[in-house]
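Same chain, two partners: chain A is paired with chain B first, then with chain C.
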Partner chain A sequence: MASAIWYLYELTKKKFIKKFLNAKTDKEYTLPPKRYRKVPPTVVYPEKCISCGACEGSCPPFAIEMVYYDDYDKKIPKIDTGACISCGNCVESCPTKVLNIGNLIEETGSLPWNVPKYTNLIIDEELCVNCGSCKLACPVDVIEYNGITHVIDTNGCIGCKKCIEACPVEDAIKTYDEALLKSKIRLCYKLKFNRMIKEGENGDSVENKIPEIPRIVKSLCITCENCVDVCPGSIDLNNHRVVECIQCGDCIEVCPTGSMRIGGVPKISKIKDKCYIIYEDKCIGCRICYKSCNVEDAISISRETRLPYINPDKCVRCGLCFRECPVEAIGLTDNEDTLRIYNIRRAKDKFLSMIKEDLDEFSKKYVLSKSDLLKFSENKVEELLKNKIKINNK
Partner chain B sequence: MIKEFFRKRSINVCIVNTGGCNGCDIELVSLLASRYDIEQYGIYVHNNPREADVLIVSGPVTLPWKNRLKELYEKTPEPKIVVAIGACALSCGIFKEGNVCGPVDKIIPVDATIPGCPPRPSEIIQAILKVAPIALSKREEHLKKVASEN
Partner chain C sequence: MPLEIISTKEIIKEHFNDKDLNSIDLTLDEKIIKKRIEIDAKKCITCNICVEVCPLKIISSNIPSSPKINHEKCVYCFSCLEACPVEVISIKYLTGRIVKNYLIVNSHGKNEELIYNNKKCIMCLVCKKNCPFGAIYESEGKIKFDMKKCTLCGYCGYLCPSNAIDFKGPIK
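Entry: the complex of A and B
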């Protein structure tokens, strides 16, 4: 009985009748849940943006474009609503937390992210002069000095290329992106395939395309193993060593970062018209600049004045000596001034060293002849003495 | 007047996937299931372009689909509208670097777009219900104009 009343009560409810007559989906079903990310991310704090372009590089569908705005006097990301897939990569990679999508920043604030990016940066060990300009320019502090060279932490780098702008040496920081890696892997397979066909046709073919055995630059190697794949000999990537080589040059072609290398690479400065100069009236001769400079033969000590001078052909204008000098005796002037002083000092140095060498040789000869004379005279005296003794004995 | 009233309650839809990742198609399939149940709104999925009023295109237009999509569009009887759903159909999305012809609006004229990767089913229903009757009546007017000019 009681259940019959309950049934009657339920069936006569307003909601039930409404549902029965109007069979539409309930509104709460169609409301998006809290975790649902609305498309697209929004620029929450445009005034904090440093225009680094990390969001642009991290976007998989290339939906973000850096557009110049007059209101803020800088470039700010503009997001294409149609292309955005709301993955949240831009929010994760943003170093100043300018962007937000839903409440992703609050959810993931303390989690360690590997910054997603399209373009990777890597420092060339052989070209790096360890001046630390990149370290000062980096907005996320991922560049460290490891005792030999400066190294970019790949997981933290946002690919803003500010270090490339700050670096004084041309091409010392190299870039490689996904498209390049893809094309190099394709090239690798093509070369391998061609070699297999050739071997089937006319046996082993030894080629000598390059003059010497290539070496592996350790800091540039990203262990993609393209070279190991394509090499007919063998390459030990754990120790960064070429074990067997027939000098075919294929590994140099397929390396995406230019890590396989033959010959030397010159350190070319980006600035050509200006150079640092040491003012000799201010210099106190502490030689801190000479010790701190990491470029070979860029700073040398004059024999005449005992003060350092700069070689403008070798100097890369990194400014390390300028920063280290305790008495501010180093300044930036035109290239010609430095060259003039350098020429004078070098000519005098050459002259002095020539004289010194001559003197050295002369004194050496003198010492030698002196010792010869002494020996000769000693022998003579001995002979004479012996003769005398003989005569006496007789 | 009567036409408009009934057009709101019977929209025939043809779903075309031109080479996407099938994420949008799964959302479309969930429209057919009981939770959203697209047929209660008077939208019928036929997957036959000759019966359809609305072409729903998902995915970037790949090379083999370029001519097929044009054929499908021609086969659809007038008045017709095209709704592009998902990031891929709007701007190729993550397939921008791949072997694609481009977004859908490069190949055929698009009347409505639904962004998202993938869009929510409720968004799709909303868009079709809101856009389809208006767009179809506009399209018909336009066709009449063209016919009278000729």
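Entry: the complex of A and C
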């Protein structure tokens, strides 16, 4: 008897028996697990939507489209339920919690996450004029001033591109996405492969293709190390420095954000037909605009009136001076008006500085020559005197 | 007629090398005054009249040779020259000025006229303190000259920092 019970016990440990014991019914098989989201996301609070387009940019199958609704007088995401893969990216990226899918918001609660997005934004420190327009425009407050330039926090950015619209300088905020990164990595391999083949065949010189050693723009570098990979010399990415360079120019080609750079980049304003103007009858000469302006030579102080004036060729129309002016003496007018005042003031300034320079130079020379002349004439007179006395005595 | 005219082109060229010399007219207000007194020892009769006449007592007798003059203290008042019976004392009085790039040297005789410019005077009273004859005094905020005491030696004009005192004399 005892042995029969033993056999039964051993038998139940076998797999096929376990299958019978753990078997599920038809109904049980079709039940989704608790975290499985089969429902597409829904626009729960359309009135809260700020039409930023973050959901549209984060959707991997491009199932979301921003559509204008008359009821709300703004664009609201429209979800193609057929294309939706229920990944929840749109819900995670939404800054105002308009969307929801299942109970994702409740589940994740206050957990921190990187906002999923397709396009990344990055600010060029050499072009940034630190006007703070992007900071004002950003709906999620991820742009901060770090003492040198404004920086976008890539983890929090939703990729809505409102900062690009607000930025007064052309191309100061650059974008890069996965496709670009992929193509650059491919290019990187291609360049390396080509060089290896060429080195074997004929020693074609790859040196000195570019006129100078490129520099690394720190704020644009995303540390993808494409440049380090392709460089025949060496690049120190920790300190953002090119150590050895044969000037082949490959790093410039493979950089996805244009961080490797040669030559200067001009600050071109997006607005060309309008320009800020300083009304000299209202200006109190406090020079707050002059101090706040971050663009070189955009605001100068007139020598004649001691009041500031704007150079429309250099001004990027960021509006910082307009916001800072305490007496509202700065306004926006046609470009020609500003240009006219600028030309008059500049001509007078040039003339005055020219005269001053000439006078300075002349007076300096005059003083020097005067002392020399006096010394010379004193010696001469002394000499004459001695001669005269000698002649007399003889 | 000036005694000598010396060109100062070379010095001006050194400083204004890039410009046409004709465009520069350098005229300086400063006057360079040099004086020298000398006794011709060969002709001197050692009468020692000059020693007695000298108002500052800076000529000392040096018998048997000619008297000695303390050159540092001499103010060139011409007293000894006028008193000398054999005219062996000679005073040379040269002034130099730079006018239009040229140094013009004039030889002067004894001063005949004192010109005091009230506007230039800064009332420093250097002249009053240093006048060897005590001929200068101050009254009503102005400098006054006692022309009886004054020998027109020109020492005050040489000291004056603002060139307020000038002397005129014949150009020899």
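FYI, the second predicted complex is superposed on the first by the 332 of 394 C-alpha atoms of A that agree within 3 Å, B and C clash if a C-alpha of one lies under 4 Å from a C-alpha of the other, contacts with A are read in each partner's own complex, and residues count from 1 in each chain.
Here is the rule we use: a contact is a pair of C-beta atoms (placed from the backbone, for glycine too) under 8 Å apart; a residue touches a chain by one contact, two chains touch by 3 or more.
Everything numeric in this text was worked out from a predicted model, so none of it was measured.
Visitor: In the overlay, answer first, second, both or neither for which of chain B and chain C A:Ala83 touches.
Guide: first
Visitor: Tell me the contact category for A:Cys248 with respect to chain B and chain C: first, second, both or neither.
Guide: neither
Visitor: Looking at A:Leu385 after the superposition, I want to know if it touches chain B, chain C, both of them or none. Which is it: first, second, both, neither?
Guide: second
Visitor: Using the superposition on chain A described above, determine whether A:Cys318 touches chain B (first), chain C (second), both, or neither.
Guide: neither
Visitor: If we overlay the two complexes on their shared chain A, which of chain B and chain C does A:Val169 touch? Say first, second, both or neither.
Guide: Touch partners of A:Val169: none, neither chain B nor chain C.
Visitor: Once chain A of both complexes is superposed, is A:Asp372 in touch with chain B (first), chain C (second), both, or neither?
Guide: second
Visitor: Can you list the residues of chain A that touch chain B in one structure and chain C in the other?
Guide: none
Visitor: Help me check something: in the complex, which residues belonging to chain A touch chain C?
Guide: Of all residues in chain A, those touching chain C are 365-366, 368-370, 372-374, 376-378, 380-382, 384-386, 388-389, 392-393.
Visitor: Which of the residues in chain C end up touching chain A in this complex?
Guide: Where chain C meets chain A, its residues are 3-4, 6, 8, 11-12, 14-16, 26, 28, 30, 32, 34-36, 38, 40, 90, 92, 94-96, 98, 103, 105, 107.
Visitor: Where on chain B does chain A make contact in their complex?
Guide: By the definition above, chain B touches chain A via 35-37, 40-41, 87, 90-94, 96-97, 113, 115-117, 120-122, 125.
Visitor: If you look only at chain A, which of its residues touch chain B in the complex?
Guide: Listed in rising order, the residues are 23-25, 29-32, 36, 39-40, 60-63, 80-87, 179.
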